[in-house]
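Every chain is named by a letter (A, B and C) in the order it is written, and numbering of its residues begins at 1.
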């Protein structure tokens, strides 16, 4: 009895506030735009009984999805989101791996502090962290001031409102997600393995390449997924740093909904976005599962 | 001291405290316990011994109520306990990890179960104080579990599980986490506490020495079955199978074909030569002890005890659980490197075992002649084997070469290779200094043992 | 032995400079006297004064704290229950769906979560306001709580619960007297995470908030869209300070109690 209550309360909550809303999105994505409140038809009229349900079902169609393929804004946005997410993930890996490696090699008594320093930004407001780059990257921002002071450039660089700014923003905000799993993998590694490799004739670089990298593979994979998955649907970073040049699907969805008030199309955009995300999510889950099994 | 023999399992009038009746436990396809029926009696110290995965822990968890049998019944004090949840059973358990509540003090840990019973505050205080005294933990009452040592934690766990005065206390590898020295001390402490409180203890262990030390009966388990449940002495001296013989202590096994021996000129039942007719009665009469006070294994074990072991273990008036484990390092009075065993004529009857083409058969006068023609194994403890450089006059003599000597201080184990490649272990006490001992590597030696030294096993 | 090389030292220095320089600049320039954020014109705390006189910000901050407190508390209760179910309940009908619903919100883009909840609220005719934000925040943060708590429950020595049952506790008592006190730090960490996530959230709050209920992130968002402002710098500095003090204190407390525990243990083993 108690067990049932324990299961039912969170179960019902999630059904009502997670699954049902999502089914509504799916349903609206199959409806038509209308000048009404709510701005779509048909609405399900349960009062009309079975006939009502049948009418309702007969009016659903895939028009919105067809619309997404005709207007190249959408598929360009999907592609560009994917492209930005892939590049940004690789950049984050390039920046994050040396940091995680440095942390794993640091003396024992430093590690808790280093760990704290990585986690601290994670607790700080996302919005503020993105915002802090606006002051740095803008035309008269700190970076341009610094570069002009050193004499490297004579004209301010345009960085804000370009894809470069978006990459910087993503790397910056998602860096802890990359560092932590890699660090966890590296820290677990038995340091005598490297000595064994060198003893058997590896140079240090070879030992790094043949031992350290393969043994941190799971951390790298986990870190990449943790950056890649949320980046695809990112909204705040492209809006604040990317300007009108950067096309990302999260931003498109937001504008479709709030500015164009086209709910069915916004819902269709959401459904496709989710379909795109399912593949990396399943791959990520598999990787985690495999790792758990390997650890027994 | 106990004036009566403590062996309720041999008393048909005794009612068992726990009865397993055809108990089977399956986890999916895996059979953890396979149709087991046995009894445990009140005040017993019962050990479940076996390698990991043999089902001993499952057996215990069924008693505690954390698992229910798939088939069969478990009866505690006349009542089927299947429908009773763990929190309503008069059974307590001492967990392998101790499972001390880390957020509660030692005092609160011990009081935990008493509070659930709704005892008055004073009664709880008294009982906890009693338990603290029993386990000598008075000084640590206010400490948290992480503030005391491993041995003290073990005693807290014991005190906590005993506090509710359960009918039955289950101990899951209670000493597994302690180091060797502490473990030995604690074993005796456990026995004392068991005796003081009169609680029935069921202990699960994979450590045969521990089981032999503490238990009144040991059940050797394998693959969900109890292979043999008997006193430590019987288990050691008269194992019922090769598995048991091999699991407990060190053993030599020689396999061959059994052949019934001529029962001899005198018919069976008549006064047989001294080696068949154990001289215990005369001994008893001489020492004036009217009664044997130890559990009686079987004829072979009894004979061996009186003839061999009693010099080491002391007279039989000792309570059985007081017996130190039949430690192979000490039970070898016959087998000093230099001592030649007294010439003993093989008793008539029993079996001879043809184990190797061309070699004389081994004589086991205690073997069952009914095994005639079957393949049997003669199991021999190394301490029952004598080793010498000259051929001794004994019923069984083997010739070989020393290939290895393990020097253990008080004793040495000689590994002797017979001409056909079979390796035999023989132990000898080191009564002389190393330099004076004359048996060394590559020496030709003779191994001898009596016609009653071994046990003939079929399985 | 691990070797801490020059390469390691350099990458750590550069890495942490990258992580902290933007925030340091933000803090420094919050004390700038000039209205032009990027031009240093002398030290001043006037923007903090401005901020404290700005009722719109203060109201939004108050709403945000209320939402965060209520949603994180409800989320902690639900999330702990969910974690218990995930780790302990064994098999039951719909377990896969249940664990799917626990993990999905963690990877779901916020725009989708926000959109779907908004459509639900409109569909059932619920007026948008503080209440709907709380419902939305509870839903996604309970999943985070459940992940934090279940990772603690997995490593929880189950024989502690069995010992409690063995000593006469009902399952409910065993949870209240043994399990809960021991996993309390994880539950608290889950609450803190839920609280922070709620304080932080812009996207889901934007979808589910009504016109009368503006949270602090929404307010910040609408003002930074127009560009960098010294007032926002001051606000950011305050928020960073609160988080830093909180996180550092928490880690010091944990470290000290871990050290004390270790010392106790060593002392006990010596004795």
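The definition used in the following text is that a residue touches a chain if its C-beta (ideal position, glycine included) is under 8 Å from a C-beta of that chain, and two chains touch if they have at least 3 such contacts.
If you want to know which protein each chain is, UniProt gives these names: A = ABC transporter permease subunit; B = ATP-binding cassette domain-containing protein; C = ABC transporter permease.
Since the model is a prediction, treat every value here as computed from it, not as a measurement.
**Q** Just by CA atoms, which chain is the most central one?
**A** Ranked by how close its C-alpha centre lies to the overall one, first comes C.
**Q** Which chain's centre, taken as the mean of its Cα atoms, is farthest from the centre of chain B?
**A** Result for max centroid distance from chain B is chain A.
**Q** Which integer distance in Å separates the CA centroid of chain B from that of chain C (ABC transporter permease)?
**A** About 58 Å, centre to centre.
**Q** At what distance in angstrom does the C-alpha mean of chain B lie from that of chain A?
**A** Each chain reduced to its C-alpha mean, chain A and chain B end up 63 Å apart.
**Q** State, to the nearest whole Å, the distance from the C-alpha centre of chain A to the C-alpha centre of chain C (ABC transporter permease).
**A** That gives a centre separation of 18 Å.
**Q** Would you give the residues of chain B that are in contact with at least 2 other chains, written as numbers and ranges?
**A** Expected reply: no residues.
**Q** Within their complex, state which residues of chain B touch chain C (ABC transporter permease).
**A** For chain B paired with chain C (ABC transporter permease), touching residues are 64-66, 85-89, 91-93, 95-97, 99, 101-103, 112-113, 116-117, 143-144, 146-150, 152, 160-161, 164.
**Q** State the interface residues of chain C (ABC transporter permease) toward chain B in the complex, per the touch definition above.
**A** 157, 159-160, 162-170, 173, 177-178, 181-182, 261, 264-265, 267-269, 271
**Q** Quick check: in the complex, which residue numbers of chain A touch chain C (ABC transporter permease)?
**A** Touch residues, chain A against chain C (ABC transporter permease): 2-3, 6-7, 9-11, 13-15, 17-22, 24-25, 28, 38, 95-96, 98-99, 101-107, 112, 114, 116-121, 123-129, 131-136, 138, 140-142, 145, 172, 175, 191, 195, 229-230, 232-236, 239-240, 250, 253-254, 257, 263, 266-267, 270, 273-274, 277, 281, 284-285.
**Q** Which positions of chain C (ABC transporter permease) touch chain A when the two form their complex?
**A** 1-5, 7-9, 11-12, 15-16, 18-20, 22-23, 25-26, 29, 37-39, 78-79, 81-82, 84-85, 89, 92, 94, 97-98, 101-105, 107-112, 115-117, 119-120, 122-123, 135-136, 138-139, 142, 146, 171-172, 196, 199-200, 202-203, 217, 220-221, 224-225, 227-228, 232-233, 236, 239-240, 243-244, 246-248, 251, 255
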